[in-house]
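To start, I am sharing the structure in question, which I have written as structure tokens.
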């Protein structure tokens, strides 16, 4: 099974209207080549699951600017003025999710959990439309899994089977997103032979990765 | 803050009747020196949270044999005949938890979650006494957090601040247990200076560790 | 009907091995299922999951080559293949429960025609605990039960399990030394029969209602 | 009353820095709170948490020394101290929500006498999102609001927040250029007052009901 594909081949998996989960935090740990390729292909109506909409010229921020995205499920849009403008103009649907809840919802989807109970959001508008449970006298919100059709992630070092290692603060949501998508495409900053990453140091096991691009 | 203590000093934190979470899987990744010290001190009425009761002469199995434990919250006792004998004789209370559910319950305690919904155990006696929720037509059990007074864990490489690295299959429950206890004691197979473990490769951040023994 | 114990076990593991597809991620339960690894067909590259925390379980090391930090889920010395990855127990069961495991192969005390499985306790007698079995059976895409057809002459394939269940309705395929059975919405279908075995023999050793497939084949073992 | 903008901000961050204890794990919010790091007293060793995924945030690197793979939660170039540890977002928020963070310091749009905090949106005007703020405020053992006492002359410390809340009843301490206030079961208590400031001035700039501590002290800044 050869997972290594060209950028063009990888883009064949990405269609209009898909839900796409993207790794990265304000663009750090985001697969920029895949982001740019999606812009170039002109993919439309993406529902984006990501921590933030980054910056107009960085990360998934470019998708917002280029109108590839119709909805974002996200914890923060404040660093990208275009996101707020489109939201206010009714051009972009924004579902705001507390960052820790976003991580748990994606993880729940990847881990086969039906949901998790979090205290975050209790007493705020985040409660709206959600089931509340009281455990030992404390209130929690039931937060449901969040799954994607495709995940686009970025590894600092990736072997040819798809095992990935993330350098320093580039890890963030990358493994989480990889567990919660039907198809996972990883962009390798550095592609190495199988065995070059110590099995103990692998951060995303190859079993989650379907396609590797350089 | 010097976290490095002698075995004797570390044992001062361990009292009769405590709930103690122990890392390891069938004794691999278990802090054997701490286990032996608890036996030598003759601690009584421990409620043990662990994956299994290992073997009569290995890991927490020694606590069973030496009657340090009055209750186990555990996924498997089959490798230690003494556990089954004590259970059948009414000497040991055994709460059996599916292994994946055990991991999630400990993680939930460490992560401040009020519980998680798992499909595991639906249609079995594991359902007993638990709340059932239906999400998108599928049934789940609400499993509650599991917290300990003390966690005893074992690191392959530990730095003097308490950052830990686990070699190969020794990781298992170690980090999970460390997140879910009021006090965490780590046994270092190899103790190194701060900075000798690459920050990217740390598997249990030092913030979870209170006491280090060699 | 095959009588020799070793031949029975060989038939089972050889036939289970043929169920595995190239690229599958597979968890093999302790005991008989473990031996499936020795019969995986040429050109079929499977990755083995070990629930204590890795994918890429390799062969048993030679005496003297053991690494104390590598064991399988039965605590026996193990090894890893190139491209393996170690992780913690939360990730191990994310893989299992999250539907990332293609196949799990387990033994059974009892299995029934609705796909119910009992393999973790005999009340008052033997209560080893479920370990990872409940998660494996619920989470894996395919659940294969690999076991001898009867225990001390008693049927293990029943209309309805009477031992505490491991999971309800999750079993897909049962492989024994007498045949291959599939759990379907219509009931339990005998799709293959072992060499030297008659349909009447299978029926007599099975308490469950068996539907005999129209295109019943002989097991290739 | 302090009028100079820079002096106001200095008073706030200097005073907040004194709230930190040796060994504390601390998250400093973007903006003013970030500057607290420059005033931590001698002998007090705190570890800084960065919600994008590490503990052990270090000083801003000198121009030319930046590492593209190390940024803080505001995406600015950062560094790590010896003994730091990187992890994923799930672990980052395990630390936050799980009660492992000793102190979080954040700015506010509004805060009220019940400890309610609003700092993530102004409906119809500015909706940046809550990012990690809701988890931080719910999860940290101590929540310190660090902000200027008023915004364009309008009170920010209210009887009841009217902007959408970040969390309900979680704020412990408010530090402004006018004083230090503690949220107690009895109400909001002014425990310290800034130099060059009168109690009447604080009351006039505060919409909340203020209880003046019997042992009211002058802020040591």
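Lettered A, B, C and D in written order, each chain numbered from 1.
Following the convention adopted for this analysis, contacts are C-beta pairs under 8 Å (C-beta built on N, C-alpha and C of every residue); 3 or more make two chains touch, one makes a residue touch a chain.
Every value quoted in this text rests on a predicted model; they were computed, and no experiment measured them.
By the document's definition of touch, common neighbours of subunit A and subunit D comprise B. Farthest chain from subunit C, judged by C-alpha centroids: D. Annotation: 32 Å between the Cα-based centres of subunit A and subunit B. Between subunit A and subunit C, the centres computed from C-alpha atoms are 35 Å apart.
With centres set at the average Cα position, the gap from subunit C to subunit D is 56 Å.
For subunit C, residues touching at least two other chains, in rising order: 54, 80, 86-87, 90, 93, 96-97, 138-139.
Counting partner chains per residue, subunit B has residues 104, 107, 111-113, 118-119, 167-168, 171, 199-200 touching two or more of them.
Looking at which chains touch one another, you get A-B, A-C, A-D, B-C, B-D. Against subunit A, the residues of subunit B that register as touching in their complex are 104, 108, 111-119, 133, 135, 138, 140, 142, 144, 165-168, 171, 199-201.
Subunit B meets subunit C in the complex at residues 25-28, 51-52, 55, 74-79, 84, 87-88, 94, 96, 98-104, 107, 118-126, 156, 167-176, 203.
Of all residues in subunit B, those touching subunit D in their complex are 1, 107, 109-113, 159, 161, 163, 179, 194-195, 199-200, 202, 205-208. Those residues of subunit C that touch subunit A in the shared complex are 22-23, 25, 45, 47, 54-56, 80, 82-87, 90-91, 93-100, 138-139. Every residue of subunit C that touches subunit B in the complex is listed here, in rising order: 50-54, 67-71, 73-75, 78, 80, 86-90, 92-93, 96-97, 116, 124, 126-135, 138-139, 164-169.
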